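Two complexes come next, and they have one chain in common, chain A, joined by chain B in the first and chain C in the second.
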Partner chain A sequence: MNNLTVHPLIGLLLFPGGLFLLASGLLYEWIDRKLVARFQNRVGPRFIQPLADLVKLLAKEEISPEGVNKPLFFILPVVALAAALTAALYVPMAGFVPAGSFRGDLIITLYLLSVLTLCLGLAGANTISRFAIIGATRTLTQLFSYEAPFLLALLGPAIAAASWQITDVDFYAQQHLWMAVTQPIGFLVALVGLMGKLELPPFDSPEAETEIVAGAMTEYSGRGYALFRLGKNIELVIGLTLVATFYLGGLANPVQFLIKTLGLLVVLAALQSLFARLRIDQTVGLWWRVGALLALAQLLVLFLLR
Partner chain B sequence: MDGQAGSPWQQALDKVRDWARINSPWAIHYNSGSCNGCDIEIMATLTPRYDLERFGVKLQGSPRHADILIVTGPVTRLSRERLLRIYDQMPNPKFVIACGSCGLSGGAFRGCYNIVGDISEVIPVSVYIPGCPPRPEAIIYGVVQLLESLKRRNAPAVNLPRQEGAPA
Partner chain C sequence: MEAQRKFIVPIGPQHPALKEPGHFQFSVEGEIVTGATVRLGYVHRGIEKGAEARNWTQNLYLFERICGICSHVHATALALGAERLAGVEAPPRAQAIRTLMSELERIHSHMLWLGVAAHEGGFETLFMYSWRDREIVMDLLESLSGNRVNYSVNLIGGVKFDVTEKHHDEILKGIEILEERTKHYLKVVTTDRTFLARTRGVGLMTLQQAELFGAVGPTARASGVARDVRIDAPYEAYPQFPVRLVTDDGGDLLARFKVRTRELFESYRLIREILNHMPPGELTTRVPRRIPAGETISRVEAPRGELFYFIKSNGSEKPERIKVRTPSLCNWASVTQVAIGHKLADMPMILSGIDPCFSCNDRMVTINRGSSSQVWTWEELRRYGIEYYRQR
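Right, the complex of A and B next:
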């Protein structure tokens, strides 16, 4: 029942920050791609594929296109990655006690995770490429549509645990029935909200390859693109950890962490290969007409039953 | 990328870089005036039947993300500028694969009033894949030949300095 603790410096450099996060981000990207490939009846990429992609991109030339604000162009990927890495300090990565924890760190974590999306939108708007600008617009539009329902969905367990501190919610979840059972609607909204946050299909219209090339990332090459990809992988791990902590009965040890996050990842991969891409107006409509209302109804039930 | 093989540290770094480059070739596909036969075969190559993601090949939409430019067809006068522009937009190191008979020599269209010529007359080409159209197996073989030559470090490297005034 008790979580293990680590020294702060190790927490910052090795675990759960730094190296461990980078490695687990790459690992989870591979698992995701492999699962989608298997669902599509393919063999799928090899184990080392994300690492090879990363190293290759880092070793490539980085072009700064005409018409961009250069300092902004180079700093945005770094800020995005840093925000994603920082967010990991407040969630129980691998079932350990978070490196830093204070009252209200749930809100901080959610905002740090949004910084990556904001950086993506800024990066797209910074260039003069029309594809990047359309991509940036869609990224930010999507941000405004999923953010509120996702936050409401994560507030459900926090209200049940009567605390906005992630560790408290973790302990509460460990001692009670899985909240995916007691708050099924919130779980659904949180899971689908995570897909919207990570721009996975069917919510990948911000980077729709068939219409707008690569969305906000169109003009990025080499290092910048590698850092953005890495940031997104880390966000995947953190998002899975958050949802597993809140809705799947907490994370008490590394074994639970692996089983629960990988189980969630299988569901995410299945949903990804099941659905076709939604248009951006369909995405927004889905979130505000269905997602937000469902999450609000869940909260209402929670208040009434307290 | 210039191979001053000096210190062991440099050699180790070069080895890692080569390994990553060989294992993660991202491609972009451009039709410079082909009859679409080769394009259909390239699409077939990327389907689950052949599953090139096994080898790390991904089709990218943006030239900024790609390592390999796969060009099909002879170069028409209209598409010459576009081809040069896409080539200039790709970050170094970059490689070009000419796919299909027309890309090799101009094929049936050689000498037409609207044709500049084959692809190597416009941009430097690393690998030629013959066939009208080449089968997916042939295309995979061509990509493997490029990666093999990368491994032997004697790929016709095309790290030309970026031209002044080229669209960056």
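Right, the complex of A and C next:
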């Protein structure tokens, strides 16, 4: 293995986990927003804007609305953020060796990445706000639609590498031709699945502002909202890292990490600005009729060629 | 009990989908809408009553402020009515300038609508692009009149400014760019697959329904109703520069997009023709300060449809009564009917599909049961308003 290593404690708290992860989450959010803005012929925010938003939200009063289960209301954002942060332990962040790595950590990572969405759904269902309830329903419906194809799409490279350990897949990917070339369908499904996971346009019907205000997060303000947002930003970074590791020839060093994940982000931003929002029934239809079938076909080809 | 078990999604008065306050209640089963109601009146301003306390010239300014988007047609409708009562007619050049402004305003309104409707459907890129290009026509309006909104073009008996050679070239250049862009947008709304998935077959209103609900303007024309005041009862310079009717038989949101976009091309053509055949002459004619007693109606085609004015003069400096019926008011009924059976996600687009304007159709109705009648003075109405909001 030719990846770099750091002391575990530093890796956990400062780099590439912990602080670095938070900072990169904010940075990637800014890049995403700026790119979408430029594609839409807008100016877009300054680079400090996501941090400013975060600080402002953290400083604000957190209102717990009537009719919610209070402990749940406060703990859900924390769990969501914690799950996202934990998921980073198993991915080669910035091209370094992951802090924790064991056989089958791919499944754990995917599970941890879904916890955020689950928390979001629970948070929406916890309140009595009608917008939040509809948002929660849509969030969970969407979860069930993209999760399986996304998993199948990440399974492709894992099967090719004959291991469910992310570092092994990373190592395999570094030795072989980019799997985006050998398994193009899986790459596409994984990339679009990531957009569904992050509820980015055109898969943003769970938080379609013109229909249901902010969806499941409607009742959240202040700290809870800030943590959810931060969790999503971190998930964006982890998701990009994961897809880059699996499909773009692995991540051997920080330079590769930057180039590959940012390259993916540009594609993601372009896709975000190209389409009109899909209705939730169209999202589900798209994933099960097209996404899942494509991913299955990909797997089938893999099995036959082995 | 049955009514209480319904799951009602309230939209408004404050909601990100609404640019103006209005209140809609959609009862839903899952995502399917089973009932819709509209409640308006959050921005009632008492303009009709206010008109009775102002003279004719002042009213021109007041009525221009009924709507921030189609301000010019309001003033035009009032000026046309007042001129008819006074028995004068604006000079041909003034008529042509009014028509020119009407068409420029239609372009600005339709472009604005295109952006808003795209935004409601979550197509932010189209929203941003169409509003960027709308700036071209806003700049033209500003260079002509000095204002981006409330252009204040009209006088009773004429217009305030002339269209010079410089304006002439500016407008033609602007229109040329806009025409190119509009072609692109027409292509986008008719071919983009994600967008078509949101518009095709959504909000379907048949020709019979459109007639039944009394829909007007592009909303009706998208259902195949051949109705346009500019053609049925040409006013101003429209007899000299005839409009070609734009209709579509689709009846759905896609048809409304198509009709409005095609109307843009018609406006470009009209503007070119008016500019190239601008009649020479005076800009104003003399109008008596007191408008002779009488009643008249005045109809013009606003960007949203037929705008109707009833004007009554008692021979003094001030009008006796001015009644305004704006096009959005006619189209609301169609929304509440058409909405049923659609998904909640379609509601913002169906709402914006009629190009609604809230403040211009807010009115106050006092219903007196029995035979008693009640006439309120401006002062009483004002006091009532203050009391009403204090108690809430």
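Basically, the second predicted complex is superposed on the first by the 305 of 306 C-alpha atoms of A that agree within 3 Å, B and C clash if a C-alpha of one lies under 4 Å from a C-alpha of the other, contacts with A are read in each partner's own complex, and residues count from 1 in each chain.
Everything below uses one rule, namely that contacts are C-beta pairs under 8 Å (C-beta built on N, C-alpha and C of every residue); 3 or more make two chains touch, one makes a residue touch a chain.
Values in this document were obtained by computation on a predicted structure and should not be read as measured data.
When both complexes are overlaid on chain A, chain B and chain C end up clashing with each other. In the superposed model, A:247 lies in contact with neither chain B nor chain C. In the overlay built on the shared chain, the residue A:228 is in contact with neither chain B nor chain C.
Legend: residue contacts after superposition of the two complexes on their common chain; A:219 is shown touching chain B, with no touch to chain C. Applying the stated contact rule after C-alpha superposition, one finds that A:187 touches neither chain B nor chain C. Residue by residue along chain A, chain B and chain C are tallied for touches, and B comes out ahead.
When the two complexes are overlaid on their common chain A, residue A:33 makes contact with chain B while staying clear of chain C. Applying the stated contact rule after C-alpha superposition, one finds that A:44 touches chain B and leaves chain C untouched. Applying the stated contact rule after C-alpha superposition, one finds that A:275 touches chain C and leaves chain B untouched. By the touch criterion defined above, A:66 reaches chain B but does not reach chain C.
Of the two partner chains, chain B is the only one that A:55 touches; chain C does not reach it. Once both structures are placed on chain A, chain A residues 40-42, 131, 209-210, 213 are touched by chain B and, in the other complex, by chain C.
Against chain B, the residues of chain A that register as touching in their complex are 33, 37, 40-46, 48-49, 51-56, 59-66, 131, 209-210, 213-214, 217-222, 225. Listing the residues of chain B that touch chain A in their complex gives 1, 16-17, 19-21, 23-24, 48, 51, 53-54, 56, 60-62, 64-65, 67, 89, 91-93, 167-168.
Partner chain A is touched in their complex by these residues of chain C: 7-10, 15-17, 31, 118-126, 128-129, 132, 192, 194-195, 197-198, 343-348.
Put simply, chain A touches chain C in their complex at residues 39-42, 130-131, 134, 201-202, 204-205, 208-213, 273-282.
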